[in-house]
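Should a chain be cited, it is by its letter among A, B and C, assigned in written order, with residues numbered from 1 in that chain.
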Amino acid sequence: MEPMILTHCAAPLLEARALCFKRQDEPVFAPLSFRLDSGDMILLEGANGSGKTTLMRLLTGLLQASSGEVLWRGRPLHRDRSPGDMLFIGHHLGLKARLTPRENLRTSVDLYGAARTNIDAALGYLGLDAVSDEPVYRLSAGQKKRSALARLLLIPATLWLLDEPFVHLDGSGVELMNHLLARHTARHGAVLLSSHDQRVFHTAGIKRMRMDI
Amino acid sequence: MSVWIPLWLRKLAAPPHFYCIAGKLRRWSGRLAVLLGIIALYGALLLAPTDYRQGDAYRIIFVHVPSAWMSLFIYILMGGTALLGLIWRIKLAELATIASAPIGAAFTLITLITGSLWGKRMWGTWWTWDARLSSELILLFLYLGVIALYHSFCNARQGARAASFLTLIGLINVPIVHFSVQWWHTLHQGSTINLFGPSYISASMLWPLLTMTLATKAYYLASLCGRMRKQLLWQERGKHWARRIIAMGE
Amino acid sequence: MSRTLLLKACTAMLRHDLTLAWRRRADLALPILYALIVTTLFPFALGPDRLVLQQIAGGVVLVIVVLAMLLELNTLFREDSDDGSLEQLMLSPQPLAVLLAIKVLVYWLTSAAPLIVLSPLLAGLMHLAPRLLPVLMLSLLLATLLISLLGAILMALTITSTQRSGMLLALTLLPLCVPIVIASSGTLVAAEQGLAWVAPLAWLGAALVLALVLAPLSCAAALHIGLDG
C-alpha cells in the first residue's frame, strides 16, 4: 500500500513521481514513485491486473497519467514527441503479418534513424536466418517474439521497456534474452521488465518492484 | 497536468458538492421554465393577434423559433464544455457535453417537426429542401453522431472525450454547412420562399417569443442538471458519497 | 540532420504501407467492383431512360465514390492498432502527425485514386456528358482527399471503440462531408449550366490546403484520445 521509493544519487534516467492512472475513475495502482538509473534493471512484480502493462504504457507516454509525472532525463515526458532512445516491446509485437521479419525490421530501423546494415547480423544472432524472408504469419509464436526482440539489437536505445519478454521463447531464446539483458545493463543501459515466470532470470543485481492496488 | 483553478471553483466541482447544488438548480430552473412557458403560451395563443396573411398557423413560430435558437445555442455551448473537458480534463465539463447532446437533439427535432407542420400548411408539403431546414437536419445528424460515438465506448470517460473531440470538429463545420447549404439552395433555384423570412414583428408577438426563449433556456438548465446528476451518480457509484445517496433512495 | 532522418522515416513508412497494400492487391479491386455494381443498380432501379440518368449522373457518381471510400476507410488504422504497430509508430522519435499523413496518403492512393480513374466509366454508364468528365474528375480528386483526411481523424478517434461496423463512421463522417458533397456536385452543376465552376472548386482547394495542415495534427490528437483508456 505504501508508495515505493527507491532512492539513488545522480540524475536519474527515468523518474516517476507519485504516478497514478485512473481508468473509469478507479486507480489502476497505488501512486508510484521510483527512479531508474543507467545500469539498473527493474523487474515489475504483481498479479494479473495489477497494472504492470499500464505502468509501462504510462512510462512510454502512450497513456497520460491522471496525476503525478514521468521525468525523462530530468524533464517531463512529452507525449507528442517520443525521445527516441526508449524501446517498448509489448504484448502486441508491432509486426506486420504480411511482411517478412527483415521488412518489418527495416521499417523500425528507419523510423528510429538507425543503421540498416546490421539487420542480417541481428537476424542471424536471434536464429532467424531461415525464416527472415518468410512472411511473419508463417512464423511460430517464438519466432515472432524473436523478430520483435531483434529491435533491441538494431536500435540504439538507453531504456528498454519489455512487457513479458520471455513469453513464447524456448530454452535457447531465454538464454539469448538473458544475455542481451546482462549486456545492456553492463553497457549502462537500463531495463524495466515484467515477467510471470521468475525462474528464467539469471541476471544478478536485479531490483524488484511490487505493484499493488 | 497541473492547472491553476480557483479554490472555490474546485470546491464547486467536487462531485458531492456539485450533486447537491445541481439538485437545487434543477428544481428552481424547472419551476421557472414551467412558469415562463405558461406565460409565453398564454401570450402566444391568446393575446397575440392573428396574422393577416398566415392566419393562426403562424403561432407555431412561438415554438419553432425558440427551439431553432436553442438547437444552435446548445451546440455552441457543447463546443465550450468540450474544449474545457479536453484541455483540462474537467470531469463535469465532459458530463455537461454528453448531457447536453440529447437535449440539443430534441430541440433540433422539435424545430424540424414544427417547421414541417408549418410547411404542410403553407406549401402543402411535409418536407421541402429549404436552406434552413436542411441545415437544421444536418445539425440533427451532428448531434446524433456525437451521441452514437459516446455510446460506442465501454469506457464512459473515454467515450466522453472522443465525443467532445467530434463536437469540436462539428462546431467548425456548422457555419460551413450553413453557408454551403445556402449556396446550394441558390444554385439549384429551389423554392424562393424562405421559411419565416424577414418580416416585421409587432411587440405583442415579440414578448411571448422572448419569454418562450427564456423558458427553453430554463428548461435546458433544469434538464442538464438532472442528466448530469444522474450520470455523475452512476460514474461515482463506487464512491462513499454516492453510495450514501443511493442508500437514502434520493 | 534531423530533416534527413525524417525524410528517411517517411520514405520507409511509405514503402512499408505500399508494400502491405501490394501484398493484399486483390483487395484493391473491391472498392472498384463495389462502385461498378452500385452504379449499374441505378439504371435497373430508374429505367434506362438516357435523359433521366444523365440528369442525376454527376451526383450519383459522387455519392457512390464517397460510399465506396467509406467502406474502405473503416479499416484504416484498425490493423495497425491490433498488431501493435501503431504503438511503435507513436513511440518513434518522428512527429506522429507526419507519419499519419503518410498513412492517409497511402490509403487515398490505394482506395480513392482507383475510383477516380474509374469515374469516367461510371459516368459513362450514367450517360454524363463527356465534356463534364474533366470537371468531375477534378472535383472528385479534391473531395476524396478531403474526405480521407476527415475520415482519418474519426478513425483515430474510434480506434478502441467497441462499435466496429461502418455505420458509426457513416453517422459521424457523412454530416461533416455535406459541404464537400455540395461543393463538388455544385462544381458539376455549374459546369453543366455553363456557369463559372472554378469558384466552388477553389473553395474545395482552399479547404484542402487547410485540411492538409490541420487534419494530421488533429488525427494525432485524436489518436491519443482514442488510445487513452
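Everything below uses one rule, namely that a residue touches a chain if its C-beta (ideal position, glycine included) is under 8 Å from a C-beta of that chain, and two chains touch if they have at least 3 such contacts.
Computed from a predicted structure; not experimentally measured.
Viewed as a network of touching protein chains, the structure reduces to a complete graph with every chain in contact with every other. Between the interfaces A-B and B-C, more contacting C-beta pairs are found at B-C. Central chain by Cα centroid: C, whose mean Cα position is closest to the mean of all protein Cα atoms.
Taking each chain's centre as the average of its CA atoms, chain A and chain C sit 37 Å apart. Rounded to whole angstrom, the centroid-to-centroid distance between chain A and chain B, based on C-alpha atoms, equals 48 Å.
Centre-to-centre separation between chain B and chain C, using Cα means, comes to 32 Å.
Residues of chain B found to touch two or more other chains are 155, 157.
Touching two or more other chains at once are residues 228-229 of chain C. With touch defined as above, residues shared between interfaces to two or more other chains in chain A number as follows: 23, 64.
For chain B in complex with chain C, the residues that touch the partner chain are 86, 138, 141-142, 144-146, 148-149, 152-155, 157-159, 161-162, 165-166, 169-170, 173, 176-177, 180-181, 183-184, 187-188.
Residues 5, 8-9, 11-13, 15-16, 19-20, 23-24, 82-85, 87-96, 99, 220, 224, 227-229 of chain C are the ones that touch chain A when the two sit in their complex. Those residues of chain B whose C-beta lies close enough to touch chain A in the complex are 1, 91, 155-157, 235-236, 238. Of all the residues in chain A, the ones that touch chain B in their complex are 23-26, 64.
Residues of chain A that touch chain C in their complex: 23, 60-64, 79-88, 90-99, 103, 106-108, 110-113, 135.
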